[in-house]
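The following blocks contain the structures, represented as structure tokens.
Note that chain A is present in both complexes that follow, paired respectively with chain B and with chain C.
Up next is the complex of A and B:
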């Protein structure tokens, strides 16, 4: 589904990613862990198409297409979704309206008719259950005036509506208390299917108790220095990032 | 600047029946003298610092000729708001068009008609109100309008009477007959505890160069409420100067929305005096301009009595090389204790060449008051654009959504749903049009 080869990228002339190689197949969950400043979020942003980052070398293929040649909206319409670390506030637009516009953008791109607000409400009823929310949240403005936890939950609601093939969760666990974390994780787990995949970017192992990864990769200074199964996350938690940083220096 | 052509046009008008009714003549004469003494304001005048009216003075507009063709219902269609039962008064090139107007079905105690008829039939009522609230003293354009009063609209609502449907007044211009000026005059008198909504639309049936100089006078007696909408969608080659002056007695409510979309150069003045305790005023505005349009708003709220509330939100969306001006004055008189005043002006610049001059002004001479004001100028947030794109919206869709969101709180405060929907559509169309162009 996703094949990253020797990816180098940076911002303002500073290289942050220094040769990432990663393959993600349908049905898999990959966790990307690493200390602050290791490039985890940069990788997520580059995949989503943020123009603040420049790719200097390497390729990213998504379902056989050159992802780096695609505009951010083309990536989204092709089934890529990033849950933002810092979801953007849009005062003046309700959640219901925003979700419908995004959902209809997808329908249009597939040559389908747009759904009207009433039919869309039926669909939303179903999706709200995924994140254990009531319809009241739909009349709130997009992320504006929401708590940190509500914003993250709102990202997962958007994900539930858009049903991506590949979702990248960028530090979705940061700022969540344990109850909110469980709800978010449950929401994500409900969406797991053999034909979609997930990349979970996180600093802490905590989230991975609830969203259990098939693979864990440790990112240090722009490179993946260690990969393994879910037990690697526990090992990291016990030994700290210094352990792999040293290991990385040796290899 | 030359005033001669306007003075000549006045003499021609006075000689040619424009002097009627007789009792109005001294007022008109006084107004033209005042205009002659004041001249057109130049930019040394603090109230006109950012707006040059030289093109209006230079163009020497004389009174607009009547249109050649009678407009049809279909010509009106783009400007109509709300269901057919809303009363409607239509003017084209300053002339009342009876065939397109519907003023029937109003409850007892409501007089809605033309100013010309009212001057003939109820001279005492008109004389008591006309040119009383709108002052010719320091305002050249009000003086000029007053000198050329011929027709317009009178709405008079008697005590405790509620007018259910909004009344829609359309001042339209058909510029195919050549350049010219119109001087619409509107008079609104709500007696105590009366209630009404009035929409004034200014629009072109056919684009061209012309000058609209409008004055609206509003008298709100105790406990009355007026919802007023000014919708300025003139030709983008036209000049528009419109002044609304209101005087509010105690416990009266005045809700004003000024929406400006058209005009090469437009200036809207909205002035109110809170002249009785417990008065309430909302002055909201939205201006959406592009190309080389120049749009100017000046507002004034005078708290002359205690315990009044004023809320003001003006928002501007400026694209291309458009230039916006906002000057909002809130004046709190020494006796106006317990005043509650809030004023904000927010602007969104869509292009690096768009420009805004904003000047909120607060003058407070009482000590027990709560007043705030502020202005912001910003651009569309790149993060928000990216966020929308990452959810599948095209850059144009993202910008439209965010621009709409910027204007949303002003539109959502509009109590009349059909008016809000009409304006939402105009904003969306303008914006999508700009993007494609």
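Up next is the complex of A and C:
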């Protein structure tokens, strides 16, 4: 589904990613862990197509296509979703309207008819359950006036509605208390299917207790220095990032 | 802002910029008493009105053009301008069918069909072309309800007593420089009279079109709602693209008696000048309403997207006890447009209430100022005001300014004022794009969310036009 080869990228002439190699197949969950400043979020942003970052070397193939050649909205319409670390506020626009516009943009791109507000409400009823919310949230403004936890949950609601093939969760656990974390994780787990994939970017192992990864990759200074199964996350938790940093230096 | 579509949105073509090739009756440029006499005689006016004009003119000569607004322009040559231009007609117009097909075609192109078969349902239109009214639809239907909706010139002939009673009663002929100029040379405009107890059965609308070159438009609108009457009135405006600036100095007077309601909505889309700021209309307008009676209510809603310079403050004098004044505004500037707009709420009566919501959107090199005054006189016990003015910036070369003036002379007043400025962020646009929206749709969504509070006060017909003008899809029926 996703094949990243020797990816180098940076911002303002400073290289942040220094040769990333990663293959994600359908049905898999990959966790990207790493200390602050290692390039985790940069990787997520580059995948989503943020213009602030320039790719200087390497390729990213997504479903056989050159991802880096695609506009951010083309990537989105091709099924790539990023849950933002800092979800953006759009005052005056209701969640219901925003979700419908985004959903209809997807439908239009697939040559399907747009869904009217009434039919869409039926669909939303189902989706709200995945994040344990009621319809009241739909009349709220997009992220404006929401708590940090609500914003993160709202990202997962959007993900549930858009049903992406590949979702990148960028530090979705940051700022969440344990109850909210469980709800968010459960929402994500409900969406796992053999034909989609997930990349979970996180600093802490905590989230991975709830969203159990198939693979864990440790990112240090722009390179993946260690990859392994879910037990790697626990090892990291116990030994700290310094352990892999040293290991990285040795390898 | 780097996205190329933002630039496209800002640089959109002005599609109403065509010129109608029609023979006009134009008087020579220049302004003096003879020109005023000529205008008055062309309109076959009574002596008292000519006198009123001349007094205004003599007063105007002693005034100097004000320059306190946050707008900049080259001096206006008042003697180089044409003060009267009218499409030539062979004979007086008896009905719509006799209107020059070229004029009908013009309004058709503007999306305002006047011909009998295609009229806008539920909206009566007075079409003003340069200095004269060319047609008013649904006149008879309205007359049956006792509603008078006609051109100002016609009102002077048909209802001289009413015109004489109310003309200048809210905006005196000496009110300000541009109002005095208007009083001297005004050519036409709309007149609405809703008698006691009548709720006007349809939206009334005036469509203003400047066509002739080098011509100023000085229309005058007078709306009177008697006891218990109500009316909703809309105005729309466009002009051809021309390299020289054109002056539009209108005066609007509203009078609401006891328990009367007047809702006045504007979608202003005069030509704004080209991408270098050349040409465009100077929209220097005096609009004021008087809540003369108890429990009366006047609402101004405006969406200002056009004009090189917009300079106006639709205001309400809250004279009657318990009267309500409202001002809802969206002002958009892009390219080199300038806007200095806002309102004045003058509280005189007891328990009078006013609400001001102003949304300024600045893009390109545009400069947008909100200027508003809330004045509470000693007599206005229990007056209340709520003011909210928000500014949104698109790009790095535009400006937003807020000038609130507050003058409270009664200690039982309650006042709230909120203001905010925000920049439409790359973050917001990227967020929308990541959800599958194009840049243009993203900006529409964001700007629309910003302006939504005001759009909801527009009549449906105009809400659609307003949304198109901003190049956006209106916040949907959900939410």
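Criterion: the second predicted complex is superposed on the first by the 251 of 251 C-alpha atoms of A that agree within 3 Å, B and C clash if a C-alpha of one lies under 4 Å from a C-alpha of the other, contacts with A are read in each partner's own complex, and residues count from 1 in each chain.
Following the convention adopted for this analysis, contacts are C-beta pairs under 8 Å (C-beta built on N, C-alpha and C of every residue); 3 or more make two chains touch, one makes a residue touch a chain.
Fair warning: this is a prediction, and the values are worked out from it, not measured in the lab.
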Next item on the list: Return fit or clash for chain B versus chain C, each positioned on chain A through the superposition.
Entry: clash
Check: Does the superposition put A:100 against chain B (first), chain C (second), both, or neither?
Finding: second
Next item on the list: Tell me which partner A:73 touches in the superposition: chain B (first), chain C (second), both or neither.
Entry: both
Notebook entry, point to check: Does the superposition put A:135 against chain B (first), chain C (second), both, or neither?
Noted result: neither
Next item on the list: Figure out whether A:117 sits in contact with chain B (first) or chain C (second), or with both, or with neither.
Entry: second
Item checked: Which partner, chain B or chain C, touches more chain A residues -> C
Margin query: After the superposition on A, what does A:48 contact: first (chain B), second (chain C), both or neither?
Written below: both
Check: Just which bits of chain A does chain B share with chain C as contact spots?
Finding: 48-51, 71-73, 75-77, 81-82, 84, 87-93, 98, 101-102, 105-106, 109, 158, 162
Notebook entry, point to check: Touching chain C in the complex: which residues of chain A?
Noted result: 48-52, 71-73, 75-77, 81-82, 84, 87-98, 100-102, 105-106, 109, 117, 120-121, 138-139, 141-142, 158, 162
Check: Contact residues on chain A for chain B in the complex?
Finding: 48-51, 71-73, 75-77, 81-82, 84, 87-93, 98, 101-102, 105-106, 109, 158, 162
Margin query: Taking the touch rule as given, give the residues of chain B at its contact with chain A in the complex, in rising order.
Written below: 381, 383-384, 386-395, 397, 401-402, 404-409
Item checked: Partner chain A, residues of chain C touching it in the complex -> 2, 425-428, 430-439, 441, 445-446, 448-453, 475-479
